[in-house]
Every structure is written in structure tokens, then in C-alpha cells.
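The same chain A turns up in both complexes below, where it pairs with chain B and then with chain C.
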Partner chain A sequence: MSGIVRGNVGFNDLKIPGMWSRKIGKDLYEVFIGPQHPGSGHMRIIIRIDGDIIVEAEPDMGYVHRTMEKLSEGRAWIKAIPLFERMAIHDACNVTLPYVRAVEKLLGIEAPLRAKYLRVLLCEINRIAAFLYGFGIFGVFLGHSTMYMWPFGDREVWVELAEWLTGARLTHTYPVFGGVRRDVPEGFTDSLRKAIRYMRRRLEDYRKIFVDNPVIRARLEDVGVIPRNLAIELGITGPNLRASGVRYDVRKNHPYEVYDELDFEIPVFQEGDAYARVHQRVQEILQSLRILEQVADWLDKHPREPVMHERFWKTAPPLYKKIFQETGRVKLGAVMAIMKIPQGKAYERGETARGEISYYVESDGGNKPYRIRIHSASARNALVYKYIVPGHRVMDLPAIYGSIDYFPPEADR
Partner chain B sequence: MSPIISDIIKIIIWPPLWQLIVLGLLLPLGVVVFIIWFERKTAARVQRRIGPYHVSPRIAGGLQLVADLMRYMFQEIIIPKTVDVAPFIMAPLIALILSILPVVAMPFTSNASYFPIGMRYSLIVALALITLSPIFVIVAGWASNNKFSLIGGMREAYLITAYELIVMVSFLSASAATGSFDLVKIVEAQAGGKWLGLLNPLALLAALIGVLLSTSGFPFEIPESEHEVVAGAYTEYSGLVYGINMGAAYLKRMVYSILIALVFLGGWRPYTPGPGFVSGYLIPSIVVFIKATILMMIFSFLRAVYGRYRLDQALDIAWKYIFPLAVAGFGLSLALAYLGIY
Partner chain C sequence: MPVEFAEKTVPPGRGIFKRFKGNIEAIAIGVKYFFDPKRSTLIYPKEYIKLRENYRGFIVLNAKKCINCGSCARICPAAAMKLIRRPYTDPKTGKTRMKLWPVINYNRCIFCGYCVDVCPTEALHHVNYHDVVFDNMEEMDQTLESFQQAPEHPTAKEGIPVRYIIDEEKGLVKVRVEGGEQ
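Our next item is the complex of A and B:
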């Protein structure tokens, strides 16, 4: 679309120190999309329209702010993991892994190789599930009810796999300091391969009914274009950034766990419009499937070994080791809850389904965090509405909103 | 039989009354209940769900719609303080009446004693009555005094400009072919399998798309597009009045389908109406309804396949592609008339 207006439209006219002011536009119709609106998440976008054209758009976040950073200061280190999962429950492993890794950095330990593979396994399962969730929301935003139901149904495959692996459908709390909570169950990799084959087949179905659908193409092509320089300027991350032509993925640029040993590519699209973001996510799912295949092969080839760091087994009672050998489950003792983390600062980052998440963790040597600062992907991606929505039509708003795959609980924390 | 009872029966089967109440309201309502069930079931089938089930598992959830209707009937009707009450209440009711009123101009038989209102210009009158109801959608949106309602009403207004001409031109191509505005003559001209829809598929296609635009069916479900304007003009409605709004939209589509069945799909043909109520009125109207129901099923299946177009794209498609298509259909009808097929 040619009429994209960039910059702070109408916000520069009046300057009051410390105040954000706006000139009232004549003939503008102000519509509050959200927070109680079927087309908004837990957020509000205030749009001002002139006829059918959006002139100004203000993303108004903060409706699901839960003070997570502050809450984490009042609880034991390990109890912060289930807390941070609540940012993006369907992407739980990706969201909490950098925190676990940062604390491991402070402890000066590293998880065993098998645990690293298991972490990657759950991360990619979560990533696919999160993409499918985003697809479902996107589909219903465009009025495509089949694309709402199909990904949500197929997401169940991955959620069930995650449940089989970890015991929980969504909030797995799978990576813990020093390793993971469980080893893979018997027969898991066979089911995983089956799921991978199934997903490849289903992506073909999605292509037929959604991606190549003429109505969907008409709605998405050249809509919500994020130019490359704007994407960099705003600090957009994740698939949205890559769809704008920037080759940046934490898994490749700053590899963690075993991503540097795995063979996968970072898909990049140059167009930067909503349709490119759809293709981007389809390609990301295909790459995740590729990673999962390699992880499944690795798990089959290598014998079972304890999935926790040896320091854990030293402090744990012998019974715990026996339980692990019999069931493949790590029993976390009380020592985890009273564990003191050495004084220091650590910074870690990871790639979630929606982009880069980074944790700054500071410890004063106590059994509770001194300060944890989280920078999540959705908080950065949400800013983009203000810059790319103006100039579009009202009906483009759900298309842009859905294509950004914005997740308010992750942004507000 | 006592004279009073026979008089009552005479009044009931008096064609204009029978046509409006039974063929215009009750039978279409039954068809609409079936169609909504069918729509939900096919969509569920495509989407690998079960669909309505728990209300009556033995007949595959067939009573779900009745249950929904009961819920609408006993739900509290909330009238916000800010609305303009009289138009707010009247608009959906008038829209409902105007949705079914075109039926009184549509004959379901060639037997002259069962014409609802015998006239030579029934196609024109039916089309004219059909075009009245959108005005009251706009009134409902305006009276609601709600931003989403207003935008929804305005979208309806935009779309009228897109579909009205298409519907008119494509339906009137039947008159161009047969040389008559009388629906009975149009149907009788199609006897012997010379369905206008088969000989003039362009006009039929234009009419189908025009009806989709007019009744906000997918992929043109724009005035009630949930993710921008909540429920469009009906955002502030609740309870039975909301149910009437929704029902009116389906009834309108049903009336359009009946008209397409008459004009393009040979009406009551291949059946030839005979004398008497059953063979002269009941059976032909059932034939027409079966054809219209099949059309409704096609319309509802599109929900599972398409998303919705943007408002400007819908107008674009309507004016750039469908309107020329309708005009081409009109030309084809003239050619058919010139060749003397009808």
C-alpha cells in the first residue's frame, strides 16, 4: 500500500514537558478497539479514522501486567520458572530457558548433553505449537473459520507430545537448573516422527486452503509492510524481523544449547508484508520439524544418561537416583527450593516463537533473585502498530494484528 | 363439514395469506433452522469437529437451533439508555417483514387460482421489495448510537451501491430473454429443461455473487465482520431482537434463493401443476423450496472455505468484475431472445 504514513502523526504539534499530547483532529472518528473486543487481545488499539482510512493508531498495552519481575524477587530461584512460564504458556520452554541458563551461568554449571538435546526438543515442540496458535488466531481474524479450527486441532498433536514428555500440557517447567526434569518415555521418538510426517502433510493442506486462497492473498499482500530499516529501528524481533529481510535468529547468531550442532536454516523474506509473515511462519515450522528430526535421531542413537548435572546427584539422596533409573523422572528435592546462587550478574537470551527474549539476572548470594529484568519479544513487536497501521483501512487492522502474532501476556509480563 | 370450519380453511389457504405466513415465514423458518444446522455441521465436518451434538445426539444435534432460539426468546432484552428507542426496536422488525414480503409477489404455481397476487410485473415488484430491507439495517446502526454499529451500518450502505445494480441487471436478464416481467411466464418459458441458469450461466453467477454480497455471506461477510465492528449494526442488540436480526438475514437469503430458483432454475419445473390445492399449489411450491434449499446449502458451504474480503476490495470486485459479468449475462439473454430459444 502506497499511503503508509510513518512517524508520529499529529503528535509533534504541542510539547508540554513530561506530557504526551495530541492535537484533536477535525473529522476524525475515534474508535477504541479493545480491551473488550473480539478483534483485540488483552490490549487496546485506539484508532482514529477518516472515512475508512486509519489516520492514527495507538497501541495501549498493560492490561495483563502482573509485575512478574517484582514477584520473582520474593520467591526462591526455582519458583520463578513456573512464574515466567505464565508469560506465554504455550511457549513455556522457550520463554524460561534463558532464565535457567542465566542461573546456570551464575552457578558455573552446564547441563549434560542429553539434557541439552531434550531442551531443544521441547523448545521446538513449543515453537510449532505457538506458531499454530498464532495461525489459528490469524485465521479467525480474517474470517476464515477453517484456518481457526485446523491449526488449533493440529496443535493438539504437539501439546499431547509435550504432555507425554513432561507431564503437563502447557506449563511444563521442564528445564531446571542443571538439566531437565524427565528423560524421554519409551516410544516417544517414533510418535515424534509420526507427528513430523503428519505436520508436513497438514502444512500442504494449509497451503491449499489458506496460504494460496485468493481471498487471503488479496487481504494480505502489500498490507502492513514493515520496511527493513523500520524493523531494525524499532527493534522488532523474531519471524516479523526475518520477514522484513533481516537475517537474525538467536539460535544462529548466538547459539545456545545444541543449536550450533544441528543443521537448519533461517528462512528470510524480503517483502515485509503480512503475506510474507505468513510464509515466514510456515517456513519456520518446516525448519523446526527438521530440527526435531535430528533431535529424534540423536536421542535414538545415544544411550540414556542422567539428565541432570552431577552436582545435583551429589546432593540428592540415593533414593532419588534409584527413582530416576526406574522411571526416567528426576525428583527435585528440597535443596532446589533453598538453593543459594553465587553473587553475580548474568545475561542470557533465547529465541521464542515470537522473537528474542532476554534475561538479566542479578544475585546477591541469597536464595532469592536480587533483580531479574526481562525483555520479551511481544513488547517490542507491539510498537509496530503505531507506525504501520496508519494509512490502512479499518479492515486491515485485524490482518496486521494477526500477522504480527502479538501476544499481550508476554508483552505486559 | 360445518360452514365455519370450511370458511376458516378457506381463509387459511387464501393464496396471499398462505403465501406470506406459510410459504413466506413458517416454511422458510423451518428451512433456515435446517440450513443453520447444515452450515454448522458441514463447517464442523470440514474443520474436523463434531458440531452441534449434545442437545439431541440421536438426530445429530438437530434440535440445537431450537434450543438456541429458546435462549434468545428468554434472554433479557437490554435497551441501552443512549439509543433512540423507537427506531432501535422498529428497525429489525420492519427489516424482518420486508425480508419476507417479496414472497407475496412470487407465484409458486402456474395455476391461476393459486396466485398470491396475480400481476404482470411480479419480477419487478419482488426485486423492488427485496431492496427495501437494507435501509433498516442502516437505521438500526444509526439508532444504536454506537461506533461499531454506525460503521457496520455504513458498510451496509457502501455494499448496497455495489450489489443492487448487479442483482437487478442479472435478474432482469430473464426478462430480456423471455420478454416478460411475469414470473409465471418466465418459469413456463423454461419448461423442457431450458433452464435460464444453464443457457445463461453468466447471469446466474452474477446473481449468486450479488446475493452473497447482499446477504453478507462469505466471502463478503463485511457489515458484521466480527473482528473490526463486533456485530456491525446489531452490536447493541440482545435477546429476541438480536435473534430477529439474525433470522431476517437468513430469511432474506432464502427469499433470494427462491427468486433464483424461479428465474434461473426453472421454478416448479419439471413438475406441471394441475388443478386443486395439492397438485396445483403444494407440490410445485415444495419443488421450488427444494431448489432454493440446495442453493442455500451452497451458500453456507462457502463459510468453511473463504475468509472475508476487505470492504474496498468487495466494492472493487463488484464494480470491476461482477457488474460487467451481469451486463454480459444480460447481453447473452438478448442473444438467446434473438435466436428465438425462448
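Our next item is the complex of A and C:
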């Protein structure tokens, strides 16, 4: 990207693969980065450059908009879960959980305790996998191809665990109204503990080759600083917000499921630059591992018990209960497909790997949602490009983009 | 439990000694993994992953158990499962009448497994593989006959079944497992 303005270029004939640019004034060029995959997805950033300095940046969202909110209005309640997963497939449980909880709120039910622990289990597995995915993208942005390969390889450990638990690598469709769809299989918690110990060891390797690497430090320190007041003003969320020194995490401020029973802490950094955001994510992975250890201990101590709410499990035929005891698979009642949700409005939020996601769910008493409004984490984080990118060199744009861990399909919905 | 936030700071690293140490550490870890690489590449199709029994792969109908309730078609989020009308002869009474049978269209299926979980008599089940070859798109739209038999699994015929297990030192370790048709 640094080669864009090098040399004596003519009007409108700047040829850069995947990018399009034009001259818009004296010493002022407009460069279109994207929307064909500038990084982790499809989004365009229009930058105006004077020499090598970006004077203006505009995030141009909406390239992968799929009208998910509208699509969900035309289908039964339970069918919206696999749909919303497609927002962020490597963070599927975190993204769909607030929707499930909002509908449970309308139904007036709450999942059994074991189901809550299982939801937290998959949420944290997803969170670690999503952070590692973000690290991989970040590494390749900085030209650090080792940091691309390692996290993607280690993410496979967590994807493997999620597949073992749910039966699918990414689109788990795990939480459903009233509970979850599978109980932990035999030997799962032992493998989980091994994965936790392995990940701790690997984070030390990451520290040596990437986080404490002087080359990476030189590229990230004091780059893309989000001051605390700007972070609050723009409403950015998640690790980016906490790296700017704001003490906010949905898991702690508005605890859901069993997060208030678990012992963990939320790291907060004051610096607010790209390097602090890297450290923030490393610390969050460590805290997720800490949560997973406690969940594994809890699951070992407690025997298998129904993970579906009484309302649906009470009427289950003996075959359903037999299958659950033998394989841990929860059979869904036929009512799930045609279920009517009582009239009302509900609002729920949750903490995904990229920040806070919130659902507003409205029901008119029918078997389809009347209105669902999703406010996703990436949509809130995308705004920040407009304010922090100007003033940096073109070389810093990938560093900022990667450090924000922006995921367009989640933002565009 | 009260809200706990832990104030952290980025470790200092500006000094020349710190930079020197950082460079040496980065090179050392690179050299370490150069000589002791952590490879877990799957040589597909010579090897293939034997997925676990609870994997949500292709779906097979057991027509003997099916009670023609249509729950699977009703819950399908992608409208992949549809009901078709076929004559059915009752073995006890010998009478023939029309009944609705589920068939699946793999052009649309998203493998969420709702249909299998909602089936009241376990007439549907998943097979634990997903690498199935279809010659054309018409073939993916299953008929009642093809839906009743497990799809052909070509890699199992020539490949070696392996599985990845999680190891504390190496992460994913590839081990050979029993099975396969070779």
C-alpha cells in the first residue's frame, strides 16, 4: 500500500490491484481500498492522501448487507437462530445468545443451570477462536506471516472442541429457547483442560514472536490512539473500548447466564493505541481460559441433568429422555417450529468477542417475530476509522484496521 | 460478586537493551520451531478426518420409522426439506393410500440438524461425513429413494482415516483411527 503515491503518476491511471484511485486536487489523491476484501471482510475505506499522509478517511459500509432483520420477520422464531449466526460465524454462540435470551424473556422462562454453564462454555470457546482469528488477520496485515499461520493453526484446537460439543465446526446453532441442544460428550472436559494449558503455553510463544517483537512495537505504539473521551462519544465497544481505559464489559456490568458466579477479571488498559489493543486481547484470552477452567470443574462435579426448560422437557416422550441420557442430544419438541411467543417487547445484550451486541425483539403474539433490531459490535466500531485514521501514513492503515478487529458481515447484517 | 476490573499497563520496551532482548527472543523462537515444527497438515484425500459420531453431516431417512408428521419440513430454516406425495401400502391391511414423505434438497440445506432433533421417532439421522460428490445440481435434490440410503463417501474408499486429538504440548496431533473401507 505504501507504493501508491510513489513516482510521477498521471491523472486517473494509477493501477493498483484491488484498488481504484483518482486525483481530486493539487497533491491530493482519493484511493478506494476495498470493498473486495481489504482484510477480514467486505468493506470499503475511502481515503484521501496528500503524499503519504492520510488527510481524510471514510468507512463505506454496507457491501455485505443481507437484510437479516427483515428476513427474520418472515420466518418462525427458532429459524432466526441459524440466520443470525451468519453475522459472525466464528463467534456464533455469542452472537445468537442475546436473541435467544430475549425470546426466553418474552416466554417468561429461564434455562436450567447446567444449560447456562454449557452456553458460557461455548461462548468462551467462540471468544478465544474469534480473538485468534483477529490475530491472524492482524498478523498478515503487518506482513508478519508467522503470526498469520500460528493463530489460525491454534484456532483449530478451539474449533475442534466446538465441533465435538455441538456437531458443527462453525454454525453451531447451539442455544435454543429454553436450553441448549447438546450436553458435553464423554471426555470433553479433559481435552478442554489440555487445550487450556496448551493455549497458555502458546500465548508465551506469541509474546516472544509478535507482541514483544520490537518490529511490531515500532509499528503499533502510538498508532491509532483512541482517546478515552472519543471512545465514549463514538460509542465504540468491546476490547477496543477497554483498551482506551473505559471500565465496561457486559459480562460484568450486566451479568447474564452464570457470569456473575464465575471468578474472573476484566483487563483495562489506559493507552488506547493499537499496541494496547493487542495486549488487551491477549489478556482477554487469558481471562476466557480462566472462565473455561471453572466451567470444566463445574461440569465434572455435576452429573448429567436435563438441559432443557421444564416447559418443553416435561411433555417429552420417553424416547427423548432415553436419547438424552445415552448420547446427550436434546430432541426438540414439535412445538418449537410453530411456537407462538406472547405479545411484548424485550431487550437483551451480550458481550461478543468484538464488543457489545444488543437485540430488540418485539412480538405481536404470532409465530413469527414482528420486529427484531440488532445493534452489533462491529457496526459501532467501524465509525472510529473516520476519526482516528487521518494524520497517519498509509502504512498505518492496515495496522489500525487490524487492531480494531473489524468484521464487516457482523456490521452490515 | 462485585465487578472486578484490573488496570493493566503495556510493559516498557523502549530501551536499547529491551529491544535487543526482544529481537533475540523472536529469532530464538523462530529457530526453535524451525527445527521442531508443529505440523498438523492433513494430506487429503490420502488421509481424511474420521469425524465423530455426533457430527452433523448428511441426513438419511429411515422410512420404516417415519410417521409422516411433517415436523422436519415445518422446522427447516432453509426450506430444504419438503414433503412429497407417494402411495404407501400398509403391510397389515394391504390397503394402498397416499402419504406425505420428506425429501431433502442439498442445494438449500444448511446442516443445522433441526429436522433430526425434531423428528419424534428418530426416523432421520446424520452420517458423520460431509465430503460427498454430486455430479450436478439436480442430483443434490434428493428423491425419496436416494434419501433413504447414506450417500456414497468416496474418500473413505481410498483414504486413511485419521483424527485430531488435543495434546498439551503440540496442540492438535493427528492419530490414525480404525475404520475406512480400504
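The rule we apply is simple: the second predicted complex is superposed on the first by the 381 of 413 C-alpha atoms of A that agree within 3 Å, B and C clash if a C-alpha of one lies under 4 Å from a C-alpha of the other, contacts with A are read in each partner's own complex, and residues count from 1 in each chain.
The rule we apply is simple: a residue touches a chain if its C-beta (ideal position, glycine included) is under 8 Å from a C-beta of that chain, and two chains touch if they have at least 3 such contacts.
Predicted, not measured: the structure shown is a model, and the values here were computed from it.
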Which of the two partners, first being chain B and second being chain C, lies in contact with A:Q294: first, second, both, or neither?
-> neither
Just chain B (first), just chain C (second), both, or neither: which does A:M395 touch?
-> first
The chain contacting more residues of chain A, comparing chain B with chain C, is C
Could you tell me if A:G139 is touching chain B, chain C, both of them or neither one (first, second, both, neither)?
-> first
May I ask you to decide whether A:I209 touches chain B, chain C, both, or neither, giving the answer as first, second, both or neither?
-> both
So, does A:Q283 touch the first partner chain B, the second partner chain C, both, or neither?
-> second
Report for A:L161: first if it touches chain B alone, second if chain C alone, otherwise both or neither.
-> second
Figure out whether A:D52 sits in contact with chain B (first) or chain C (second), or with both, or with neither.
-> first
In the overlay, answer first, second, both or neither for which of chain B and chain C A:R197 touches.
-> second
Using the touch definition from the top, say if A:G153 reaches chain B (first), chain C (second), both or neither.
-> both
For chain A, give the residues common to its interface with chain B and its interface with chain C.
-> 146, 153, 209, 213, 215
So, in the complex, the side of chain B touching chain A is made of residues 43, 46-49, 147-148, 151, 218-219, 221-222, 225-230, 303-313
Spell out the part of chain A that touches chain C in their complex, as residue ranges.
-> 75-76, 78-83, 146, 153-154, 156-157, 160-161, 163-164, 166-168, 171, 173, 181-182, 185, 191, 194-195, 197-198, 201-202, 205, 208-209, 212-215, 217, 247, 249, 252-253, 260-271, 275-276, 279, 283, 317, 319, 323, 327-334, 336-338
Considering the complex alone, what residue numbers of chain C touch chain A?
-> 1, 3-11, 13, 18-19, 22-23, 25-26, 28-30, 38, 40, 51-52, 54-56, 69, 71, 74-75, 77-78, 110-114, 117-122, 126, 164-172
Spell out the residues on chain A that touch chain B in their complex, using ranges where they run on.
-> 29, 31, 33, 37-39, 52, 139-150, 153, 209, 213, 215-216, 218-219, 393-398
